[in-house]
Every structure is written in structure tokens, then in C-alpha cells.
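Per-chain residue numbering starts at 1, and chain names A, B and C are given in the order in which the chains are listed.
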Amino acid sequence: MLGIVGRADPARRPKYGGTLRVEIGAVVNSPDPAVAAANPEEAAAKERISALLYERRNADGTFAGVAGSGPFRLAEWDPGKHATLAANPEFRGGRAFLDSIEIQMGRAARDRLLDLEVDKADFAEIPPEEARRATERGVRVSTSQPDELLAIAFVAGRPIAEDARAREALSRSIDRAAIVNFILQKEGEAAGGLLPQWSSGTAFLFSTTVDPAGAKSLWSQISGSPKIVLGYDASDSLAQSVAERIVVNARDAGISVTAEGTPAGANAPADCDARIVRLPMAAPHPAMALTHFLAALGPGSGIDATPLADGASPQQIYDRERAIVSGYRVVPIVWLPQVYGLGARVRDWKAPAAGEGWPFADVWIGDAQ
Amino acid sequence: MTFRTKLFVVFMLALLLSIGVVAVGVAVVTRRAFEESNRQHSEALVTQFEREFAHHEQEVTNRVQGVADAEATVAMAIALSRPKADVSVYVNDARGVSQSHQLDFLDFIASDGSIISSNEWPARFGYKIDWITQPQDWSGAGSFLMKVDTQEGPALGLMSVSTVRVGDKDLYVLGGERLGKDFLASLVLPEGMRALLYLNLDPNFQPTNLVDEAGTVTEGERLASIVAEEQQNPSKRTFKVAWTPDPASAEAFHALPLLGRQKEVLGVLLVGSSQREEAALERRILLLALGVSAMGLLFGLILSWWGAARVTRPVRKLAEGAREVSEGNWAAHVEVRGRNEVAQLALAFNKMTQQLTEQRERLVQAERVAAWRELARRLAHELKNPLFPLQTTVENLQRAKEQNFDQFEEVFRESTGILLAEIENLKNIVGRFSDFAKMPQPELGPVNLNDVVRGIVKLFEAQFGAVGRPPITPELHLEEGLPTIQADATLLHRSIENLVLNAMDAMPAGGVLMLRTTHENGNVDLEVSDTGTGLTPEETDRLFTPYYTTKQHGTGLGLAIVQSVVSDHGGRIWVESETGVGTSFHIRLPQKPPQRPAAASSPAGESATAESAAGAEV
Amino acid sequence: MDLAILRQALADQIVIRGGRSVEDASSDSVVQVTISQSADGFMLVAEIHGGGATQTAMAMVGHLEEAAAQPSPHAGIERKIVWQQSRPILDFGAADLDTSHTLLYVLGADRLEMYESSGDAQVLHEVRTIARLYASRDPRGRLVVTDATHVTAFVGGVRCDSQWSPSFAIECHDNAGQQWPVGPVSWRFDPSRNYFSGSMTFSNSLEAKFPAFYSAASPSAETSGQNNSRWVVAGIDGHAQLFEGSAAAVATFDGWGSDIATGAPACGSQWQVLVTGTGDWTETDRLQLYEIRDHRAIAAGQPLEVPGPVLALWPAADGKSTRVVVRNLESGLYEASIVTVSCGK
């Protein structure tokens, strides 16, 4: 069952009132969706905050209406530090149970976890690999369906990246199961395809088995002393751990890989042949999710980003996915869930589906037990 | 070089030698003392390092054991001993535990050798370390050196293994400390000493693997050969490295190989001791020694000079006296001080000069008497010859007047002729004596002796082959390029003429007259040799005595005049002769005669009273 | 899902299409069929391995929706699901149209649906949209089914009454006063919130003021409607309080859920209250029967576990059962069920 693992609390019908204390790691400088974010982390946080302020979205995913037409209005904004959202009594979908939401920005993951433990925060996003530790420390943890793909995207035009044998060799050398079990502490799924099983229903058709012998055989066919420079976001500890593990796996297969961290938000350095990327699902539906992935990977990946036709059948979606994966220009590694830490007061929290924002409109504050 | 100078030089040499020996000795002893001290210091440091290293080893062992004994580790071991234990829970534990136990390296390893959690390479979970399961029992194994694979590359670690056994399952705790610049910084080293560590992590020497407490060592290549030697043949060794030509930059190193469990060389520790202080101290000592030596030398110089002067003063006085004597001042007197040998020598000298003076006076007197006697004899002889005919002629006149008056006119005429001739003869004899008595001073000018000799030979050429006389063959050996001399050509001509005449007189049966000129050391030599009858040694000794002659006729002044002329030119004349073989007269004349000597107390001078005596050739 | 049944169905379909199943595994091609679930529903995925290559074929099966009601297996408190759907159910009610047809009314947040059941089949007959005056995040509604053709719905600040001539229609108007009849008693509802203000109007037009509550129960309120009845109210402060004819509570019961209703009175003379359990709407719920005796609430029998939160609990008009709406967390469906209490269990 997807849901909350935590302490049992007295049942209540949703109670109106209270302030939800939220802590996030991102630093959001402007709530305006039109203002570009400096890095993916800020962009994701801005998206979630905006979803609380706007009534609805357009078909293209942009927000419709004016800010404050959603379940909450912006009451206070301290750029990069703090924001206060107040319940919008005029919201058509019904006034939120909460009176307000206090958002603290730029809090490190460790501090967020601590604040949850000592009841200084009611809600915080937790890195998936910290979920188990959080649970052990008594924090209520809510885990979503895996809806974010961690993958390797090769940089088109780089000599080694243009060699299909090198790409396939690297893919075969990766021990995805170990990454899920050890690095992610079993919070996540090994990814062989671009879409998770719960979305496409065909993820099981993509192999995730490590094949060092096959990798070694492919790599040995490449002349010279090739090596792959794998870039990752230096502020993303998970990406770093995964990159370092890939280096070790590749070494077993005789593949020379070096991992290089780059500052958050910076473009991949000029000498990177591939980079670790995070691809959050924009929607639960596989066709929409796949189309969004292709757009997110961009022309630099060398992948055909033609959107899938509306109403594409599962077979068409699968065939397209298989074609992309078989090219190895993007190598899926693991699927990551969104993991949330909840305070003792939080009630009726349901982990949002892929592409959805925080469902704070349905959350209410009860008595802490 | 004077005696004083020689003595001074000897004193100085002796002093120099002594100082030199002492200085060298001091330098050698000092250097050896420093080297010994340095060696002891270094050995002490090496011993200290070994102690510290052992201490570190024990510390590492204790810390790793501390990790193994910790509750969390025991709980981990218990959890992992259960079937289907989930090792992934512990994948991040090593980092926190290593920090709390101050270990650079820490790995939790399962019973099958697979890594559960690694601090130095977190991504290596799941990989196996087979060697750790080999020993049955790690307790008591202590610490050991090991090449540790880290994410950043290989490193050298001082490691220890502890085990936590639950049932039949072992949980291995492999932990340790990195050997690098931080480890070196933890060593307490005295001033002037440093420790370098070469991490033998690559097959070839890598300068970047040589570190000190600050990091990579510059100019590490200089130590490459030492490291290579240690790699080949690991053992403790010492060596010196001169970083620059300045000796103060030298550094003495002790090399200690660091061996792993398989006795492989994993690192080389180099304990360096700067020679700067020693060099500075040596230099100071040297400078001091030099200063002292210089002072000593100066003092010695002064003292030696004073001492030599003082010691040689009486000798010098003696020498001065002797020189005066040689210069003719036989009355030279040397001051006598003290009673030592030199004083006695001075006394003896004074006595000698006194005796010489007396002897000379006696000799002079005797010679004067002899000369007078000789003169008287010669005069008597010379005068006797013309006087006899005078007497005979006068007697003839008397007789003629008395007996043969009619032939008296003729006898008178003949006799007066004879009388006049003999009177003329007497006048000549008197004139020659007078000439000798009043020898003129030479008027110097450039003279080519070869030209003079040639002139004289040409002059006597006719006489050499005179009819009725056995021929005399002249032989000229005149040196080409003979330098001119400052001389009175006339006097010289007369003197050589005399010698030629004497030579001719010495060869009544003919012979060879050889004339040779040479020059050497600023002197021009003339040799006039004949193949006549030769002279006896007694004749040779008296040859230059005025009025002494071996001829029947002659005044005996010729050679005296020659000697006088030669003497006035600052030269010397001597004779070599052998009876039956011949006689050689040697004249040595300086190219530039010295200052006109004082009026010599020569028989010719002293016999000024004999000036009236007529000069005559010998 | 019964895999054996599914496998047989597949085999049957293959045979229908000219194939035949064999036991021998040494065939040129091997087909592996996987039942998979995607965001769009269930699908069958076939992998055909043969000739060194693998081909795939897949077909959607669709959602499991509006399946037939299943009887609850629990004894003591029995729950019988009469209807389930993916849209929210605020209340429901059934009335026999005739001996063989039953009309089932289902009240949603903005609609009233009428299903006609015949045998095991239920067919949607009518749907009428309700224009609410208020939209609440936790909408509550009440359906009063007088008979098969007369129903009254209270939702979103309006009151809707059904009409059957000429056809089924509903007429909604502002429910000023927001009085919701619960038997002979009317509870005043705060339409912008999800609770009752605490004001009750009895059949003798007298009013009683209780603390604001989510739900309330009385042993004889449905029959007597007297203002001096005993009441248990589940307050919005999380406490359930017992009132006996006065404004002061005589007892407080903790650990009760927000929804309570009087249980079947057939179990002796003791007043039994059906109470929902702990946990918020992300967790499963349970129904526990309590006997109210001597100012105490004593649990009676084993609780009935339900697969999701209880969203609505209303006593049936006949007083012999309780209407319960549960949101099944596994299936995501809203289950309309009738809960009855059997005594002696």
C-alpha cells in the first residue's frame, strides 16, 4: 500500500485551521513562473509552489489564471529565504483546511530531517536514500510511486559518445540492483526503460541485469585508450554516489570512467562525454511522460524528440521507448520515488502522483501525539 | 737571500707548518666530531621515529579494536549473522564511525569478504577483499602497512584488522591511518630535521609521491636513485645530498624502508638532517682558525722577523765584517755580545781580522820589503847593466887618457857614445818605473774586445812569422756578437799587448798563441794562452807581484800593470799554467765596471814612494 | 484476481483463434504472457521468443470499475457493500420500486445518481447535477430517501427534492438555516465547513445547543426526538462527549473517530453506538460498537476492519442498520455499504 508509515493517531474529520511548516532545500528567488529558475532544484520547487497559487494548468503545463486564484494566496515573500501562503477562501474547489503555509527555503537535507524529528517542521522532502534512516529515527515518511528517472545522457558529438559500443558497454556494466539496494536503501527501482512499470506496464520488458562480460567484450573492440568523462551535479549527493559507483562498476568491465562534479545549474563542462540527469515525470500517462522526457533531454542528446502521437497505443509507446533505449544515448539507471517527511500534526497527506504538486489543499493539522 | 731572510723564512715555514697542522687537525677533528654528533642525532631520531611509529601502530590497532568493540558494530554483526540479513542498511556507516574514531580508512567487511561499507571508497560496497578472510585469526596481528585503494587513487595506510564473531560469522573491521603529510606532521622532529615519505605506489619513481609535512617535495628527483636502491634492496642506509653547490645546503638522510605484510616495499621514509648548522659552525671555526692563524702568522711574522733579525744580527755583523774584510777593510771589527757561539764566532772574527790586519801589515811590510828588495834587485840588475858599460867606458876613457892619449879622441868618442846610450837606457828604465808608479785612471768608453784583439794580432803579425824565429801560430776564437764593454781602450790594448809579448817570450821555439773571447753573466772573458814552457806554481803565485819577472830582462812591472789595469776596470786576472804545456792568462771584465773603487792599498799604491822607480816590462 | 481463471480464458481465446495448446516445451517459439498494470489500467503483454528475436504484443484490459457488490465476510458487525464507484459518495439510499426492482440513489458532491437494480445488475438510470452554493474540501451530504420516488438531498448549502413527473428531476434551493433532518431531529450544518454547528432542533421545536460536532448519536432520538434525550456528540475538538439533558457533558470518550451512529437497538436494551476508528483518511478504518452504560463507553464485540476511511455514517431510516461509505484505499473506489449489527457476537 502506498501511504504513510508512521505512528497511529486519533481519527478526525479534516479540521480547519493551523499553519503548515514546510522546509525545502531549494532557494527560490521569485514565485513568478515566467522568471526562469537558476537550476533544476529551484525549478521543481517553484513549480510546486506555483501549483498552490494557481487555479489550474493549461494543456501545455503552464499555469492559467492569476496568482492567488488557487487554493492559496501569496501572503509574504522573502526571496530565497521564506514564503507564507494563506488559504484562499474564494477557491472554487473549496477553501483549504489549512489557514497558512510557512515555507523555509535553503534548508539542507540533514537539517530538514532534524527539524522533523524535533517537531520544528511539519513537512519536508527527503532524499530517497535517507528514507530508511528517517524512518528509523521515528520520522513519518511518505513515499510516492517512483516518478523520477536517474539516467546517463550522452553528449552528442563527443567522439566516445558517438560510439554505440561504448554506450552499450557502459550500460551493461552498471549494477543497478546494487545501486537500488545500497545507495537508495531499497527506495527506488532499477530502471531498464524510460518509463516506470506502474506507468507503462512494460518496464519489465527492459533488462536491468548487469553484464560485465558483455561490457568488457564491447569495450575491448574500441581501439586506442578510450575513456568516458561522466559529469554530475556537484550539489546532488545522490548523483555523486551513483556516478562513483558507476566508475567502480565500469572499472570491473575494463572501462575507464572518471566522474566530474560541476556546480549546480552550470552546463556540462566541455570535456564531459556524458552526464547524470534527473528526469521527473511530467504526467502519469506514459505517452505524455515519454514526450516530456525527450523534450527535457534536448537536442544535445542526439535523440529524436518527435512527440508521440495523441492516443498512442501501449504498443506504440513501447516501440518508441525500445528504440530510444536500444540506441543507448540515454541509459536508464534507477527510478526514484519522491519521499516526504511528515510531522506528527499532519493529517490526510497523500503523496502526489507524477506531475502533480504538493496536495496541501487537502492536508490539515491535527494534534501532535 | 740573506741569512736573516732565510732564518725568517724558516721560522715562518715552521710556524706555517705548525699552524697548518693544527688547523687541519682542528678541522678534521671538528668535522669528525660533528659527523659523529650528527650520526648519533640522526640515529636517535630514527630510533625515536621507530618508537613513534610503533606507538602509531598500537594506536591504530586500539582504535580499530575500539570500532569493533562499539555497540553499533556488535549490533551490526548480530544483525548480519541472521539469515538473509540486509547489509544495505549499513552501507553508509563507515563514514560516521571513521570520523568518530579518527580513522582515515575504515571498511566493514562481511564474513565472505564483501565490503559492507567503506569510508575511503563508499562506492565499493559489495566488492570482495579476499585476503582478509585468509588468516584464521586476526587478533594479535597488530598493525601493518598496506596499499589502500581509494576513490582518489592508491594511498599508503597503516592498517589493522579486528573481527567481531557472532556464531560462525565474522564481521571484519579494517581500519587505519593514512601515511602522508599529516602523518609526517604528527612526528615531533627537532629543529633542522625533517622527514620525507616516498609512497611506493607506482612501478616507476613519481616525484609527486615524495611528500613532506607540507606536501609534495620540490626537487624530489634528486632522491630518485636512493628510492630506487631501497626498492631493489630494502635496508637502512645513510647518504648525503647537496642541494646546491653551497655545502651548507647539504642534508644527511637516513633511509628506512617501510614494508608491507608480504615484505614488499610500500614506502621509504627519509629522515633528513640539515647540515647547515654544521657547515656554518665549521665555517665559523674555520674562519676563527684562519683568523687565529692569520693573527698567529702575523705575530709569528713579526716575532720571526724580530727573532731572525736578533739572531742574525751578530751573524750579519759578522757578514758585514767579512764583507769589509773582503773589500779590503781588514780592520773590520764586529761587536761581540753574549757568550754564545755567535759571540765566540765574532770574537774569533775580530781576532782573525786583527791577525789578518797584522799579517797583512806584516805581509805588506814583507812584500814591501820584498818588493823593495825586488825593486832594489831589479834596479840593481837593470842599473847594473848600463852601469857596467858606463863604468867600463869611463875606465876605458881613463885608460885611454892615461895610456892611449892619441886614441883618446876615438876612445872618447866611442865611449861617450856608449855612455850616452847607456844613460838613455837608464833614462828608459827610470821612465818605466816612473810610468808604473803613476798608472793613469782608465777613461771608460765602449770597447769591442774582439776588435782590440784583432788589432793586436795584426800588430804582431809580422813578428809571429819573423825570419830567424820559430813561427808562432795565432789562433783566434772570438765570440761573435761579443757585447761591448765600458773600458779604456788604450790601457786595455797595452795590457793585452803585454800578455801577447809575454806569450811570445814564453815560446822561444814557436808554438801556438790562442786568443779567446767569451761573455757570460754580464762579464766578458779574454783568454791568452801559449804553448810555451809553462810556469811553476811558485812562479804563478808571484806573477803579478810588481818587479817580479822570470825573464832575464824586464822590469817585472808588465803583469803588475796589466793587473792594475784589469783591477781599475773592476775585473779580475788569473793565470793557469802547467810546465811543459803552456800558460793561460784569463781576464774577466764586467760589461759595466763598478764605481771607481777607493784607492786600493796595493803594493803599487803603497809603493808610491817607489814611484820614482822606472817602469819596465816583465 | 484468479490467475487460473485468467490463464484458462487466454487458452480459450487462443483456441478460438485457431491455435492449440501443447505440453511439449521443445517448440520453435515460446510465448510468455504477463499481466501488467499501467496507469491506464491492466494490460496483457505477450513476448514471443523465437528465431533469435523477441517480439511483443500487448492489449489493454481496462479498469475494474463499478463491479458487483461483495458481501462482507465479517461477523458481529456485518458490512454489505451495495454499491461502489470511483466518484465520491456522500450518502446513498435504496428504495424498492417494486418487488423486483430497487432504486439506489447515490449522492455525490455535485450530483445525484439513480441506479436501478434488477437482480445482480445495476444500471445507471438518471444523473442530476446539483448546483451547490458552497464547495467544501471535505464535502458532506445527506440523503433522505422517503420512498422510491421521493428523495431529498442536502449538500453544498442547498436542499434538493426529487420529482418524478414528468420525469425524474430534482429541484434545489438554498437551504437557509442549513437544517439537516436526522430522523425527527434537525441538525444545523455549517455549509462552508464539514461539521454541524451544534444546534439541534427537536420535534417539539425546542432547540439544544451542543458543541460543534461532526456527528452525533442518541439511543432514542430517531424515535422520540425529545430534547432531553441522551446524546453523544463527536466534537470537532476530537473528543466525544455524553450529554444527558443538560448543556454540560457528563462523560468524555477519547479515541473515537469523527463519525458515530447509533447501532441496531435490537441488541438488548443497552444503547450501542457504532464508532469509526483511529487514523486519518490515508489509513484504513474500523467500526467498533460501544455500549453506553453508566457514563462509560464499553467496547462490545470485535471491531469491523474496513479497507479505507469511513467518509459517511448515517443511521438507516428504519433504525435497524447503518449506512456507511468507505473509500477503499487499495482500489480507490468509494464503497456504499450497509452495516448491521448481529447480537451475541
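Throughout what follows, a contact is a pair of C-beta atoms (placed from the backbone, for glycine too) under 8 Å apart; a residue touches a chain by one contact, two chains touch by 3 or more.
The shown structure was predicted, so the numbers you read here are calculated from the model rather than taken from an experiment.
Novice: Select, from A-B and A-C, the pair of chains that is joined by more C-beta pairs in contact.
Specialist: Most C-beta pairs in contact, of the two: A-C.
Novice: So, comparing each chain's Cα centre against the centre of all protein Cα atoms, which one is closest?
Specialist: A
Novice: Taking each chain's centre as its mean C-alpha position, how far apart are subunit B and subunit C in Å?
Specialist: 128
Novice: Go ahead and note the Å separation of the Cα centroids belonging to subunit A and subunit B.
Specialist: The mean C-alpha positions of subunit A and subunit B differ by 94 Å.
Novice: As a quick test, compute the distance in whole Å between the mean CA positions of subunit A and subunit C.
Specialist: 36
Novice: Using the touch rule from the top, collect the residues of subunit A that touch subunit B in their complex.
Specialist: It comes out as residues 132, 175, 178, 181-183, 185-186, 241, 244-245, 247-248.
Novice: Would you pull the subunit B residues touching subunit A in the complex into a rising list?
Specialist: Residues in contact with subunit A: 87-89, 91, 121-127, 151.
Novice: Inside the complex, what are the residues of subunit A that reach subunit C?
Specialist: Touch list, subunit A to subunit C: 1, 3-4, 8-16, 92-97, 197-202, 204-205, 284-286, 314-315, 318, 347-350, 361-362, 366-367.
Novice: Within the complex, which stretch of subunit C touches subunit A?
Specialist: Those residues of subunit C that touch subunit A are 34, 36-40, 42-43, 45, 47, 56-60, 135-139, 192-195, 214, 236, 238, 254-259, 276-283, 285, 309, 329-330.
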